[in-house]
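Quick notes on the structure that follows.
Order as written gives the chain letters A, B, C and D; numbering starts at 1 within each chain.
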Amino acid sequence: MENKKDKRHWKVKLHEIIYEADTPEGKWFDIILILAIIASIILVMLESIESFDTKYHDFLNISEWIITILFTIEYIARIISIKKPKNYIFSFYGIIDLLATIPKYLSLIFVGTHALIALRAIRLLRVFRILKLVRYSGASRILISALKSSRIKIIVFLFVVILLTIILGTIMYLIEGPKNGFTSIPQSMYWAIVTLTTVGYGDISPQTPFGQFIASIVMILGYGIIAVPTGIVTSELAKTDNFVPKNTQHCPSCNAEKHLDNSIFCHKCGEKLLND
Amino acid sequence: MENKKDKRHWKVKLHEIIYEADTPEGKWFDIILILAIIASIILVMLESIESFDTKYHDFLNISEWIITILFTIEYIARIISIKKPKNYIFSFYGIIDLLATIPKYLSLIFVGTHALIALRAIRLLRVFRILKLVRYSGASRILISALKSSRIKIIVFLFVVILLTIILGTIMYLIEGPKNGFTSIPQSMYWAIVTLTTVGYGDISPQTPFGQFIASIVMILGYGIIAVPTGIVTSELAKTDNFVPKNTQHCPSCNAEKHLDNSIFCHKCGEKLLND
Amino acid sequence: MENKKDKRHWKVKLHEIIYEADTPEGKWFDIILILAIIASIILVMLESIESFDTKYHDFLNISEWIITILFTIEYIARIISIKKPKNYIFSFYGIIDLLATIPKYLSLIFVGTHALIALRAIRLLRVFRILKLVRYSGASRILISALKSSRIKIIVFLFVVILLTIILGTIMYLIEGPKNGFTSIPQSMYWAIVTLTTVGYGDISPQTPFGQFIASIVMILGYGIIAVPTGIVTSELAKTDNFVPKNTQHCPSCNAEKHLDNSIFCHKCGEKLLND
Amino acid sequence: MENKKDKRHWKVKLHEIIYEADTPEGKWFDIILILAIIASIILVMLESIESFDTKYHDFLNISEWIITILFTIEYIARIISIKKPKNYIFSFYGIIDLLATIPKYLSLIFVGTHALIALRAIRLLRVFRILKLVRYSGASRILISALKSSRIKIIVFLFVVILLTIILGTIMYLIEGPKNGFTSIPQSMYWAIVTLTTVGYGDISPQTPFGQFIASIVMILGYGIIAVPTGIVTSELAKTDNFVPKNTQHCPSCNAEKHLDNSIFCHKCGEKLLND
């Protein structure tokens, strides 16, 4: 019985270290994990630079194995320390943690088959490890909630953009034609998006005077359209800001609201406020 | 008499299927129509890709005929099921529906004349079928009303932009001249719009130091100008948002919502509201 | 005496036609003037297109003379019909009207001297005729007042942008150097403005990895900076909107305006308001 | 003793001239300093233009020495006229003033060693002299406070941008590959930033249809993301505006400010406010 209690105690402690951050061990666990994630992302980047990869291939490979083993231990620890492992395994973070761990193991299997593209795709899958960091950025919730509440407006906006893109792309395909780089409607739509969003690579640009005239209208349209998402997000953020109750105090005498944070007396009736 | 009643009944039912969406048949009709529109747009796009068109020409042609016949049936059904067909035929949607149907028939006529450009224009007319989708996006009304109420400001803004474009285009034409790509005032105006809207293709760009200095001023101006439509739309959207009833009162009799803050009687049933 | 009265009457009538728009003749005068200005601007543009100019040189020349004579008559009429001609001559519109008239006369003088560049500059001076249209766009006052009241913020903003441009331009000049297109600090500053404003021509772009890293920071900075003028103008416009008296009630006693919608007594004199 | 008093008097006067601007001498000191800073910056720029430097090398060198000596005098004067020189020397302005003075002296040392790149870097260090101007732009405090209070949102926003950049950069590196200019993940990330910020140089642009499709999504994302900092800054600036006490009432008893417009009693001491 004591053994069982001990075991439970050990699991509870592990759970505390991994899932919470109020013990010193929990904090150290989080810091090491964050550093490992950042190191891992830098490794993926460095590996993609050919001149660096050929020079330090062994160093990159060994570092990658160390990080993979670290993530494997973390993944197993997370599963055994939680009461209902299924809840974790099939959660957003569970899937991200798995995707962060397996690529290196998979690369062992594919080495023989010489499936180079598949191998490259798998190696790059490791970049999604960065999503492990999302766990540590609670404040992103504000942005997500702002985006969520303006969901319908954004969909309508995207619908209008796609509609415009298709019509403008088709018109420019007709005016400029394949000889000026507008080889097909999808290609023209790509140009329309590049122009509407004011990115303007210049890889495709209108050559005929009439095409340039239409393009000018598209640009001014894009100018107006850029205002719409800004307006949506701004008014959403302004609302979120206002929604945060700045002072929730009510006057004990007349029930008036909107007291300043450092008010001592009610601004309506002069009654002393109850400050805790 | 029974026959007449039956016929009327049949027309009413057709009207219900086509114009409303609360019966299962009405819903199915809408879904099929939306899918047909999207399929049709994809066909137009694929047809414009030369390599695809030469390979699957017959498939594209047959698919196009199927969709054209489907739209023809829809068009006729809409006319016969409505009481006053003229109201539909000359409405925005009626014209769009007609434009969505005729291009394929017209292409039969023009085949003999070898009027290639006309044929291409007609074929591309089909892209406006996408406007048939507007019927299904009721929420676009918010954006349109926001644009409408800031109509005057937008016209003033466009007037200022055109005025700036003409003056800046002329100045740059004088400074840079034809040898640096600014071949004429309209061409320079095209450059001015490309720059003011921050698109910046780079197909025409100032080469002389003085031209680059003026261009820098134009860019910072553009930076400031981009703020104006955003400001207009944001303050309009903020106003629209305020219109959404903050007043959460429900009528005690009919449960209606959206009362003004100082309403005393329900705007639906006239019952006195319970104001605290 | 009657002659004098007649003459005065004639001057008053001319003044009414030119300076006001409530008589039919005044309206016609305005419409003809606006059309003449637009026609004149189109002529300047067409003249700058070489192929068009060589083909229709005589037509352009004659049209230009007709418009010049028209503007001359307008200028003289404005002077003789006003009581204090100096007030008009040295006003903004007076100077613009003069600049709109003289270029063609000046071109007669310069024809002999073959001072081609001076001639070209004079010819292009005519483009400022478009400023004559400003007279007819009263609503631009809203934008101007919004810009005026955010004057200080805009100056601070411009100071920050210039400061950033100088520092970033110097850093990039040091990193990339003349061999990558950053030939001097002013040239690098031009690049910094092109990048900060998100125009991005691509005529000069960083080639070294470190330069690209700094450029990335510049772009994200530009992203943040673009927000500042938008924020300034938006909050100004929002304020201007609130200032427009929605409530058109006038106090029956003191004629005060800007009452709240639910005001019962005048906020100036305490008189009871007449609510219908 | 009188000598000591005199000396103190002299120091006090110097302090007044240098650190304050309410005496005529203090104003002149400021104006001369601002002009010297601007002249110095222009010298640095002109020196970087090779053709100008070879032609006017002596003029630039002498002017630079004059400005350096002027700044040296200012630096020494600032140190001796202040009570606690350490407070000044290690302050932001103290460091800037030092950096503005030493480059020319350092260039004397490095002349022998032919360390050209170091010499160039030192020469360009002089550009930071422009930060001396910050002393004179008190209004920048508004912008800085707006940025400070939206600190957390900006960090979250930057985190999201970096996260997106890494993921999008990796995906595009996989799709387009080194043959289309996406030579490594850092290079692809550079492209992602160029695109997300709507700069769009066009030095690297997607060539494959699938790459162009992903790029289109990136651009529309960037379009949406551009709205976020604008929204943040706008709502911050709007708040700052509101914070400016519109109500100028002071409590007659405790002199507290920031009363609400309809307050009857002081929120600090409960005293009745004097409403007119």
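Just so we're on the same page, contacts are C-beta pairs under 8 Å (C-beta built on N, C-alpha and C of every residue); 3 or more make two chains touch, one makes a residue touch a chain.
Worth saying up front: this structure is predicted, and the values here are computed from it rather than measured.
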item	value
Interface residue overlap between copies subunit C and subunit D, same or different (over half shared)	different
Chain at maximum distance from subunit C, centres defined as averaged CA atoms	A
Averaged-CA centre spacing for the pair subunit D and subunit C, given as whole angstrom	31
Length of the line joining the C-alpha centres of subunit A and subunit C, rounded to whole Å	43
Touching two or more other chains - residue numbers and ranges from subunit B	186, 189, 198-202, 226, 230-232, 234, 238
Residue numbers on subunit A that touch subunit D, as the complex places them	41, 44-45, 48-50, 120-121, 124, 127-128, 130-131, 133-134, 137, 139-140, 142-143, 146, 154, 158, 161, 186-187, 189-190, 193-194, 197-203, 226, 229-230, 232-234, 236-238, 241, 258-260, 262-270, 272
Subunit B-facing residues of subunit D, complex	198-202, 230, 234
Residues of subunit B that touch subunit C when the two form their complex	152-153, 155-157, 159-160, 163, 166-167, 170-171, 173-174, 178, 183-186, 189, 195, 198-202, 205, 209, 212-213, 215-216, 219-220, 222-224, 226-228, 230-232, 234-235, 238-239, 262
